[in-house]
Amino acid sequence: MNEDIHSISLLIVMVWPLLLAIPAVRSRLPWPGHLAIMPAAVRVILPGDSSFELSWLFFGTEFAIDGEVRWILAMTVAVWLLAATAAKSSKSDPTYDRTTTFFLLTLAGNVGVVLATDLVGFFSFSTLMGYSFYGLMIHGGNAEVQRAGRLYLIFLIVADLVLFEALLLAASTTEDLRYKVVRQAMVGTSSTQFYLWMALVGFVFKAGIWPAQLWLSSAFKSVPFSRALLLGGVPVSMGLLGMVRWLPFGEHAFYVFGMVIQMIGVASILYGALRFFTNATMKMLPAWSIITVTGFFMATLGTGLVYPALWSQYEYLTHPFIASLGIFLAALTFTIGRLQDTRPHPAFASRKVEDLSLWVGKWIGAIRRSSKDRLFGLQSLWRGSWLKVKEQPQRILDWGKPAVLVGGWSAAITMFVLLGLMLAWLAR
Amino acid sequence: MGTVITKIPWGVLLILLPLMGGMACFLWPRIAKILGLVLTFVGVLSVVGLGWQIMSNGVYHHAVGGWGAPLGINLYADGLSLLMLAITALVGFGISVYSSGYFERQHSTRFWPLWLLVLAALNALFLSNDIFNLYVTLEVMGLAAVALAALTGSRDALSGAMRYLLANLLGSLSYLFGVALLYHGFGSVDITTLAVQVKGSPTTWAALGLIGAGLVLKTALFPLHFWLPPAHASAPAPVSALLSALVVKASFYILLRLWLEIFGPLGGDVDTLFGVLGAVAVLWGSLQALRQTRLKLLVAYSTVAQIGYLFLAFPLAMSAGVMAWNAAVYLALSHALAKAAMFLATGNMLRFGGHDRIADLDRVVQRLPLTATAFALAGVSIMGLPPSGGFIGKWLLLEVALAQGQWGLVVIIVLGGLLAAGYVFKVLGQAFTQAAVMHESRAVPASMEWAALLLAFGAILLGFLATPVLSLVGIGSPFGAHEVMP
Amino acid sequence: MSTVFLYALVGVVLFSLGLYALIVHAHLLRKILAINVMGSGVFLVLVALAKRTGEDTPDPVPHAMVITGIVVAVSATALALTLMLKLTAETGNAELPEDSRE
Amino acid sequence: MNWNAWIPLLVVASSLLPGLVIFSLAEERVRLRSTLNLAGALVKLALVGWMLWGVYHGRHYETRLALLPDLELVLRAGPLSLLFVTLSSVLWLVTTVYAIGYLEGSPHRSRFFGFFSLCVSATVGVALSGNLISFLLFYELLTLSTYPLIVHRGTEVARRAGHSYLVYTIFGGALLLLGTVWLYTLTGTLEFTPQGFLNSLGEEHHPALIVIFALMIAGLGVKAALVPLHGWLPQAMVAPAPVSALLHAVAVVKAGVFGIVRVVYEVFGVSFAAELGVTGPLAWLAATTIIYGSLRALFQDDLKRRLAFCTVSQLSYIVLGVAIAGPIATIGGVVHLVHQGLMKIALFFCAGNLAETLGIHKVSEMNGVGRRMPWTMAAFTIGAFGMMGAPPIAGFISKWYLGLGALEAGQEWVILVLAGSSLLNAAYFLPILHRAWFQEPPETWPEERKFGRKETAWALLLPPVITALMALGAGMLASAPFSPLGWAQLIAQREFYQP
Amino acid sequence: MIPSDYLSVALLIAGAIFFLAGTLGLLRFPDVYTRLHALTKADNVGLGLIVMGLVVQAESWAAVGKLLLIWVLVLLAGASVAHLVARGALQRGIRLWKR
Amino acid sequence: MLQWALDALLGLGLLWLAWCALMSPNLLKAIVLFVAFGLLMALAWVRLDAPDIALAEAAIGAGLTGALLLAALARLRFAYADEETVGSPAQEEAKVRFPQWLPAVPLLLVVAGLGYVVLSLPPYATGLSTEVTANLESSGVSNPVTAVLLNFRGYDTLLELVVLLVALLGVWSLDGLALGRETAPGPVLDTLSRFLTPVFILVAAYLLWVGAHAPGGAFQAGSVLGAAGVLLLLAGWRFRAGLTELPLRLVLVAGPGAFVIVALVTMLMEGQLLEYSPEQASILILFLETTATFSIGATLAALFFGGRPQDDKEHT
């Protein structure tokens, strides 16, 4: 009985924000953001591990809460409560209603990611979270926000694609896609290396870790603090979480791979520190710090991969680390935001940003134009001869029309005679 | 009940009733329309009766005058004749219904007697087993058809009819010469007798040349099709339908019959020539049809192309006899129904808009939905798309051609279907759109619309009747007992 | 060579002559004449060869056929002439218009 | 009386007969017409449901009518047919509702609904065909009954689109016919058989069989919009939205793809086809189409055209799944048949809603449209994400199995194609979503119609929402019994694991 | 050859000479009226002579009657037709030939 | 030898006349030559022991066809605006667009080929003559040609009468141009026609009667009647208005009508179409021939007349 309640509570944690995301449902409710996170908060507080299996969802998936997850969930609750509080201040905003929807969708995705126990569930909810967060991020923003959003989106898409490939590799290796199983299964198969690199690239992109930090920094630069405070808690933390879950730590030593991660970590630290010191506006403070912090984390992960034995010694720290990272960043951003609240953002007079598609189209168009100019002579030559060719059948048809063949009674009868002769001759 | 039906000489009635009807219509113009309708309907019943008779008693023989061949004339009906009679009756009834609404009083009194006489001639032709008698029926049919083609008296109609008449006479004389040679060579004009006696000799070859050329001219096989489009395009709609659907089939039937009975075994390479000409006809007729800007001409050229298909069976029949002939017969039957429907529908459009320029059809689909449907359904059969009689025919033909590896013919068959689609939809496409200039329109009687539609339905329905029809055509095994290739 | 074949050959030549005239002439009246001459040629062949019985009386069947043929020929001629006249009245020219199509 | 022998025929008739009656109805008899339409759709659905249940329990439903002396018109309900039949009947119902709303007050509705019903009958016939000639018959019938729908508007553009459609499809039909007859002359049978019926033919026939395969694929590829043959599809967008919806999701294109599935699995047999070496080129063709369609879609400003090229691309997923020739890829391909249908029809409904309610036809006009029509755009968003393959929407499932299948078959390059396509999908869908949700709406819409407080009429709103939810459901509930995935697995099992 | 045969031959030759003359006239005379004159007169007499020549050979009186009837009819027709032709020519305005 | 020379002369004459008729630049000449050709043909028929045909040819082939052609030429002049252009050589030259020798090549081949075929036929062949002779007894007539026409192959003849009717229907449906100018026929023609008509009728009756056992019969008699009609028409005689309606048509239909009725009756009585019982054969044939004669005569005359006599009344 208790089991059931626990299980159902898990379901509610995910479904409730989804429900609230529908405007009609929440239209009468005050404080939807806070309300939506409540079940999660309750579940964090409630003791006991539990899991909930949905055999009909996707290929059958399971959600569970245990000690590790509880850390992350707690962080999530905290960050979202903070965000909800921050967002509440902008209720007069005309976009409030829609923002709330995206807010809640992101929230639902986030919770799902945290609670998922297998790769598919993780991937699915991270997709929901990622794309909704895009909406949340850029809503009502100016051109710069939109640009940042677009950057984020591109990274997100690529990351998702790459992760999808990794996922497929995992699925083709093992039927069971739970983290633990996958970790073990992915060691020592022909596609291991491929899987590792895919997962790494995917999460590096997702989390905005060093060479892919671009979207993160520009997001911090332009997005209002009430949403920017989510950056740390949502994409970055979840990216790191994903890495921890997907990669086979503690199973096997991957020297090259681990070294690369280590190097990424180091580079990240260096980069973050450098930027911190050369370009440290108040607003960008969280950005550079987060890059530095993730760098540390990466370095640790890399070490764990190079020395699996070492990993087991600090494995238990990873989740609290991620949790604290999220909360810390959210708090930092919130504070800085509050401090800056009175000062409006400077308006950016950037060029009008167009659709990606049209942008690509422009390029193609330009290439086409230039080639056309160059090939013009050739083309006209070709066209001329084609027209001539085209006239030929026409002429044949005209030729055949009345004068020579069809209408010419005389010719026709001659044909008749010839035909008769021919028939007789052939019949011999 | 059954015995009574089998005792009535339906075959003879099929000839005599329309004959008497034609004369009666001539005598009493006032009742012409009613009489025509009734008699064509009775014609349908008679064919059913004849079919019953044939199915229960086997092939139908009737020795006219009690003399029997070779002195007298024999009437003979097997499955092939029966089917031709049936299609004549059906199309004929459709044309009658249509005509009852089509003709004004003045033309009506002229139309009905001629029409019934054509019908009589057609029936007589399909029943005849005597090559000289065939000549006479051809003449009755031909002259009456010419008169009908010229009925409107317009410049185009007259010149078309004149061409038609000259071609007809030339063809008849050529045929008659062939008959003369056969008679003097083998002493008979009875097909069955001749079939036994004819041997390969200069006489036979010359007769084949003359008869073949004459009939090919009458059937309007390329390159002797020159007379057909003007004649068929300028005649009144029911007459065009009659000419395209039935009259050209009559001469084809004779050719087929003579080929099966007399010339086939001696034919030499003639069948190849027929095949080549048929192939060219398919392409040429279709291309010409595509080029036309006037609807009736388009339909007329389509006939040229479709006739080409009938001749494709000749080279294929060498080794796959029954199957190839089945295909040809099926194509002929479905073309008869479809083309009649098409011409009738065209007539409706012409009546409705006062013109038949394809580009100005002006939303016929909305305003004459039944007619447009008829045209479309007929088009489906002409194109050989399933489910339609045309499809079955083309299927059989393709099957034979492929089985023999006749790739040229395969390409022609497919290409012809594509081109047919081209010209049919050239019309239908315009039928949906609005013309730039609005036109006056005249009401079209329901009987005209329904006649066209029902015939078109018939063409479609034929697609589902392959099994019974093919078993009917097998009665009396007109195609001989050639083994069907697997 | 018996006269039978002589007449038959004349018939063949007449047929061809008529055909030739039918080809080369544009005037409809001449075409109709040509058709008639052709017909005569065919009839001649039919009847001439009927004399090959070796007795006094020739084979009567072709004779009957030819009588039928003659009647058909006159019927066709009458119709053709009427058509020609109507056409001439319409076009002002007793020839087939080469292209009556638009 | 054996009712089971008549049910497939009844399924076809349940839309055919109302269609024929509708033709004869006067224009203003809206209520009767709608009733007939909906009744037909419901009856069909009920019959299909019955058959689903029956087939699941191993019953046979088969109608045989003589067509030619040794060829029959066969309608048979197997798992594969039922998959397609169910899709068609469900979507027919939805589309009918939509069309009733969409065409309210426009001219020639009797004609429209008549052909609409014929179209569905033909589709259902295609699905249920038990041999190649029946398939061919309904396939051509489909061509014919769709044509009036494409040119329905009666404009010059419509006429040209219809013309182009015909040029392609008739040509394709001819090739298919040729292939079919040829095959018949070789084998003497055309009956669809699991794992094909050509195994027994000797080596010497293999070249001919390869040519036949090419002919058939070319013939079917026209409707399936494989790349050099896809030209008609974007043009056909001039048709009214319900037609485009049906055309793209269910009827025409699916008939082509379904035909390819049939040919590969039940005529040639997938292992035999692989042995012949024809699946490889087919896979490459499909891959090319996927990428090409996506690339072209990028440059379309016209919303429906963009969706059309998207269709070109997505259809080849199915072909790809078939051509990979493995059980898992088969599942992916076959299930995408349904999934793509659900998603694409929702997208087209939405596009139609935009056009009908706001007069929006171009992507560049869609700024802020999400605020004006949130439900519609929500449905659109689901569809779009589904197309991109985002979980948990149906498209994800398809891509999942396709990818897995490719890996299983050792054809890793397919993964790259899938990835590239997803990327491109995102590139042409996300900007739309961005505009719709995040750009400021203009002062006035091009041509707005008011529907009181609702964003649009109920009949227009419900279908996209329902189909979008179905797409979502098909993805989320993929493991539930009777889900498309479940059926696809059944089919794959039948193709690969039965003796 | 019996005497009656000689008579026949003589009559026939005489008739033929008349025909020849008439034909010559037809060919050589200058206008329609003079040609008609030559033709009808010569032919009527020529035919009469020929009929006579045949009458001599006739086997029965009935045959004689028939032959005479033919002559009478031809006379009648020839005269009438000549008249009609001349009348038509006059009506058409063809003038008489004058030296 | 003399016979042979005569036949050769006749053959050459036929060819020469045909050539002249066909190639004459003047249309009138061409027609006249054609009539002459027809008369020569009649001679040829006589030479070929075909007096029945000779009669038919003279009456129909040469006589009536000639009349029809001449009448057509006259109306043609009427139809042309400019009389002078008819058949003038200049126009003729202009209209030949086809190298004249070109068709001659295949035609020479035709002549050669068909000539060879004709010569290849066996010199003796009985055809169906023995069978005709064998059955002549029961045919009801003693003239074999009549027996074939009206008994053995009576069905052909029935259809042949229909051909005539069809031709007339065609001419009428075309509203053929009626006889041109209505000039007064003049006393000579008038007298002639009055005198000749009874003779024609008498001749026709004779031919009809004699047809049963000697050359002659319905066609010949009918064409003589037709010739009488032509003469009367030329003389300006017209049907009285009351007779142009049903009575005229009844006469026109009488031949084929009677034939069909007889066909039906015989079928009912004997079981086969046109199967006469031997005892009734001769009377039936006579009946058929009589009605046919009237019909043929009327039809031929009507064909000559052209336009529909009662046309103006029909619309009221």
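List of remarks:
Going in written order, the chains are labelled A, B, C, D, E and F, and every chain counts its residues from 1.
Here is the rule we use: a residue touches a chain if its C-beta (ideal position, glycine included) is under 8 Å from a C-beta of that chain, and two chains touch if they have at least 3 such contacts.
Quick caveat, the model's predicted, so the values are computed rather than measured.
When the partners of chain A are compared with those of chain B, the chains appearing in both lists are C, D, F. Counting hops only between chains that touch, chain B reaches chain F in a minimum of 1. Compared with chain D, the chain whose C-alpha mean position is the greatest distance off is E.
Most remote from chain C, judged by the distance between CA-atom centroids, is A. Centre-to-centre separation of chain A and chain C, using mean CA positions: 91 Å. One finds 121 Å separating the Cα centroids of chain A and chain E.
As a whole-number value, the distance joining the C-alpha centres of chain E and chain F reads 27 Å.
For the pair chain C and chain D, the distance between mean C-alpha positions equals 66 Å. The set of chain F residues touching two or more other chains comprises 97-98, 103, 107, 110, 113-114, 121, 125-128, 132, 152-153, 156, 160, 163, 166-167, 170-171, 174-175.
In chain A, the residues touching two or more other chains are 407-410, 413-414, 417, 420-421, 424. Counting partner chains per residue, chain E has no residue touching two or more of them. Applying the touch definition to every pair of chains gives A-B, A-C, A-D, A-F, B-C, B-D, B-F, C-F, E-F.
Considering their complex, residues 401-403, 407-410, 413-414, 417 of chain A touch chain C. Contacts from chain A toward chain B in the complex involve residues 397, 400, 405-409, 412-413, 415-417, 419-428. The part of chain C that touches chain F in the complex is made up of residues 1-10, 12-21, 23-27, 29-30, 32-34, 36-37, 40, 43-45, 47-68, 70-79, 81-86, 88-89, 92, 94-95.
Residue ranges of chain B in contact with chain C, taken from their complex: 132, 136, 139, 143, 146-147, 150, 153-156, 158-163, 165-166, 169-170, 173, 176-177, 180-181, 183-184, 229-230, 233-234, 293-294, 297. By the touch criterion given at the top, residues 97-98, 102-103, 106-107, 109-110, 113 of chain F touch chain A in their complex.
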